[in-house]
Amino acid sequence: MKQTQMRWRLPAVCALWQLLMIILFGVFVRYDEEADAHWPQTRVSHNISSDIENDFYFRYPSFQDVHVMIFVGFGFLMTFLRKYGFGSVGFNFLISAFGIQWALLMQGWFHSLDPTDGKIKIGVESLINADFCVASALISFGAVLGKVSPVQLMIMTLFEMTLYAVDEYILLNVLGARDAGGSMVIHVFGAYFGLAVTRVLYRPRLEQSNNTSNYHSDLFAMIGTLFLWMFWPSFNSAISHHGDGQHRGAINTYCALAASVVTSIGLSSLLEKKGKINMVHVQNATLAGGVALGTAAEMMLSTYGALIVGFIASTVSTLGFIFLTPLLERYLKVQDTCGVHNLHGMPGIIGGIVGAITAAAATEEVYSAEGLRASFSNRDRMPSVQGGFQGAALCVSLAIGLVGGTIVGFILKLPLWGDPADENCFDDEVYWEVPEEPEPSHSIIISEVPKNSTINGTQAIEHPPTL
Amino acid sequence: MKQTQMRWRLPAVCALWQLLMIILFGVFVRYDEEADAHWPQTRVSHNISSDIENDFYFRYPSFQDVHVMIFVGFGFLMTFLRKYGFGSVGFNFLISAFGIQWALLMQGWFHSLDPTDGKIKIGVESLINADFCVASALISFGAVLGKVSPVQLMIMTLFEMTLYAVDEYILLNVLGARDAGGSMVIHVFGAYFGLAVTRVLYRPRLEQSNNTSNYHSDLFAMIGTLFLWMFWPSFNSAISHHGDGQHRGAINTYCALAASVVTSIGLSSLLEKKGKINMVHVQNATLAGGVALGTAAEMMLSTYGALIVGFIASTVSTLGFIFLTPLLERYLKVQDTCGVHNLHGMPGIIGGIVGAITAAAATEEVYSAEGLRASFSNRDRMPSVQGGFQGAALCVSLAIGLVGGTIVGFILKLPLWGDPADENCFDDEVYWEVPEEPEPSHSIIISEVPKNSTINGTQAIEHPPTL
Amino acid sequence: MKQTQMRWRLPAVCALWQLLMIILFGVFVRYDEEADAHWPQTRVSHNISSDIENDFYFRYPSFQDVHVMIFVGFGFLMTFLRKYGFGSVGFNFLISAFGIQWALLMQGWFHSLDPTDGKIKIGVESLINADFCVASALISFGAVLGKVSPVQLMIMTLFEMTLYAVDEYILLNVLGARDAGGSMVIHVFGAYFGLAVTRVLYRPRLEQSNNTSNYHSDLFAMIGTLFLWMFWPSFNSAISHHGDGQHRGAINTYCALAASVVTSIGLSSLLEKKGKINMVHVQNATLAGGVALGTAAEMMLSTYGALIVGFIASTVSTLGFIFLTPLLERYLKVQDTCGVHNLHGMPGIIGGIVGAITAAAATEEVYSAEGLRASFSNRDRMPSVQGGFQGAALCVSLAIGLVGGTIVGFILKLPLWGDPADENCFDDEVYWEVPEEPEPSHSIIISEVPKNSTINGTQAIEHPPTL
């Protein structure tokens, strides 16, 4: 018998963690100069003509779009499971809110520590980066969805955020790679981390009967899909350079995503039974173009380049859902609930490669001399060298994800965290108060019923219809 | 027997189309100067003081609002059908993603072709215009919802986008009309195009039993309604002039929409059985004020003018749903699933007329001399002449919609495209893999039941399960 | 027998009101100078270098976020009731659209009347303030949800908007308090107003069987929760000072809300049966941090201060839902359907206190000399004096809410407005046309089934209910 009681474990983790955050924020976190009340003076001393040049106005609309992707996009995308809607939206909410606090600290220590006073200076860009950091944990959540306890999720998030900051530091600061929309840092890292975790947590006798959708749960999931899809141009351009960088990032992503929809729906119809379209592909593979542009969106990829990337990524993603996922489970014992390998893993790798190629192909003619330096980390590298570093960054991210996920998987395997029994997976009843459905007509007690319908009646009581 | 298999037809159209798009984008589409990496130089040469003056920051928040209207707004608005949620959201997704690519090209050739190099230069305004263009196809989709195959929808979209670009060129460039929120170009054109198509595709023996909503499908539809309603101020101001034009467009639309809600709910209660409010009116007629301000929102209509327009448009719209739609079906054989004639057709015509009157009534006193020229196409026309051209534009849009829709209707009538049989309309089963509901208890037939369960049975009838 | 027919009452109120609004807007409302067509001249005369400095671009993205909170956030938050979804979303829609028009006038007369011509000048900030004003009515709506008629709601809104403008005038103009996110003006006022109304309308024999959620209604409610949660940083910063004020307001709210989620989910698990998490707390208490930062968000509270406020507010809120709500109903006869006392009342009071303390603790060192004046109403008060006025403002808002709500409650008690009978509360059937569910198989209790009813059973199998 599994002990899934959360009464002491979950509150203890939440309380300790929140108090620790308060203390660490008190010691370390301060407003950056554009969010500080001294800003009017700073403006004058920096010769900035108007408040509208505060970074807030460059990035806040994109930040809010990213915020919607994290909380509604990822949250509702996972509600496709017919009995796990509370867990999908609710645990997504919990670990995101938990994670963004830790991300502000970790990313602050690595990226925005002010050397003059040892404080982390945060502004709107920090909020976007914290949301990005949490996105990787939500991707990993997708791989283990329905099979872990909230305490396991919080521990996973804690370690994953930490590793994310390290990975990001290596990629951006040490290797000087560009990855504004996070193909490598967010998607590859998050997906392979999650896949490694779910591999370690393999359940050979996993009960799959609740690992299904129903009509309305599929519609709820479309809310998630559409908000992810619509706001992905903001995601990929949110932290790009002001002006043409953000502008181009949005245009490229818009194009790639359009191609992904047409491609994945076409492929779904081609390969599914009777030519009917499968909602799993509509919900997921349509997004592959956004993932695959995470590195190159801000570059001079050109719009037809973006269409090609969207086309390839969604093709790979759809084929992955149809052919690869069953093989991964059978042969590699990877039980990937949401198919994150198809939506984030492979498209993320494509994104890293596309970024490397695009960087290597950069010319002064296309970018202008100063544009070239500005676009690629101000390091005066030859484009081909930059392309090599981009490729190295992809490999580093993949390796850190796999190794980190494996280690964390073993930590999560300790019998301390209240994970559900095999037969209770994908069911909200374990961790949530689920309202009883007041439907007296559904579970009729029958005293004399002909023999052959008894089975039917028993089933009715065991499996009340999910509405 | 209808042959509704999509296996070869849908994938073939998707694949061919997507490859064609890649080629055409490669040949024709480039970034405009504000999205290009040469922007820092351009900025200096154009004497622009800051990156914040990049058009991206003027229009991107509005673009994202429009984007949400297209994909979530239109998509979920149509989920009111209880068995057609996948088709509503999914086909909306497919044809929008398909259409925006073609719209970028068509509108580019007509409006933003750079004469120096023969390339289409795109920026954030192009993305908004592509979304606008697709909106007209989604309006037409509403007229034929549930009665056509995805291949028919893609063919309809292809032709409609093409005609849209022609219509838009005639209205804006030839006639010099203003139509920033598209009362004429989007709503009148899209609605009458769709109505003509559904007239040609008339099904005398259409099975209507699935052409109904249920409790939760009506709630899903409210998601669509509300996102359309909330973001309509962005829609009507997205491509207006910087500064006061956008500002005024948002204010006017906000006011008109508020009046529409109060008016249509009041009228619904007045005219429906027992004074109860009908969700159809709440979902649709509340939006009529936004449609009817599509032309005049950016003009100096004044806020009370906006309230009057919202009041009239939603009155006409609600009355249309109650009285006109049944007559249209009975006498004109127009089967208008979503009532687009009431939401887009008539309010669009009102919008065109309001625009003409407002333009004709413009004075230098109200607009200032330079404001008057800037507001109306810089053509040095007398306001009354401008009003006349606006009226002509309305007629042109109506005519192109009706004629184009009729022709396209006959193309869609060819027995090649896999349309559903009369008895399978409004049912996702035809084109979608629909999850089976695991509810064995729903269909029990009991032969002998004891007395004491009768109470239970009575309750069951009094409290039917809410779904 | 209650007479709940709305046929004449609701249409009459809507029509009269809308016509009155048209007249009053015609007499009083004009565009402010940044939305007026004379803006290009104004820009030159005010020495403004670019259209991007139009207030529209500072505030419009935040306005749209606030707009989503009002219509989708509040609307869907209340759909948790399984049979009151239409009423929740629909009445929310009606009274908001009705209220924003009146708010533009009332707030205009008090705050933006141009003394030179006696006209109200509106711009984007006016739209935000109108939405804010309506938020207080929606909070009160939460207290009486399911127990009143739409006519009662409109009358309540009318009086409450009026009082809101008076309260706001006293707080901001007379007392010189700061309350940019409305802890006092919106939340305390709205909550205690609503609680007083529901106290006066106490129903000793209220039928509670429909005052429950089901699985999908809880998921719909999460749409509301998440949009409120995500966009609260925009709410608390929407009308703050340009630049650092808005920037800081968003950062502080972001932090406080993150702490609230972790805290309330932890507490829910600690205190609920078997350690399971309760969706009521996830839907509501997670938002308490946003409410409690309504006054101090724009101040130099520091991020750890924001975390502490979020932690305390959500603790109080969750404890309130578990322990206080039942006591309020039993001993004070306050039937608070949505628990607004827990989400808006107590956290709002905390917000007022936090604002007073933060204002009193302000120093020139932290704010700079000019920052201090600018942040606190330009009145040259000592910080401690300002703190005192903040505290007085809180008391005034509480008092006006309680007294006003009591008076309005007695008005609503007049037997004229068509309120529902005790046994019909929380049920859409009273005021809405609810679609019949086509589910012949759901409520069958058959003692001896004759041969011909087999057809019924067959139908049941042919048309399984769509959920």
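Each chain gets a letter, A, B and C, in the order it is written, and its residues are counted from 1.
Just so it is clear, a residue touches a chain if its C-beta (ideal position, glycine included) is under 8 Å from a C-beta of that chain, and two chains touch if they have at least 3 such contacts.
In this text, all values refer to a predicted model and were calculated from it rather than measured experimentally.
A.B. asks: How is the touch graph of the chains shaped: line, ring, star, complete or other?
C.D. replies: complete
A.B. asks: Have a look at where subunit B meets subunit C and say same if over half of the interface residue numbers show up on both copies, different if under half do.
C.D. replies: Answer different: the two copies use largely distinct residue numbers here.
A.B. asks: How far is the middle of subunit B from the middle of subunit C, if each middle is the mean of its Cα atoms, in Å?
C.D. replies: Going by mean C-alpha positions, subunit B sits 30 Å from subunit C.
A.B. asks: Going through subunit C residue by residue, note those that touch at least 2 other chains and give them in order.
C.D. replies: Residues 49-50, 52, 57, 61, 82, 214, 216, 223, 442-445, 466-467.
A.B. asks: Applying the document's contact rule, which stretches of subunit C touch subunit B when the two form their complex?
C.D. replies: 5-8, 10-11, 13-15, 17-18, 21-23, 25-26, 29-31, 34-41, 43, 49-52, 54-57, 60-61, 64, 67-68, 71-72, 75-76, 79, 82-83, 85-86, 89-90, 93-94, 96-98, 100-101, 104, 122-124, 127, 150, 214, 216, 220, 223, 431-435, 437-439, 441-449, 453-454, 457, 460-461, 464-467
A.B. asks: So in the complex, the part of subunit B that touches subunit C is made up of which residues?
C.D. replies: 49-50, 52-53, 57-58, 61-62, 65, 82-83, 209, 212-216, 218-219, 222-223, 226-227, 229-231, 233-234, 242-244, 246-248, 250-251, 254-255, 257-263, 265-267, 269-270, 272-279, 282, 286, 300, 302-304, 307-308, 311, 366-368, 370-372, 374-375, 437, 439, 442-449, 453-454, 456-457, 460-461, 464-467
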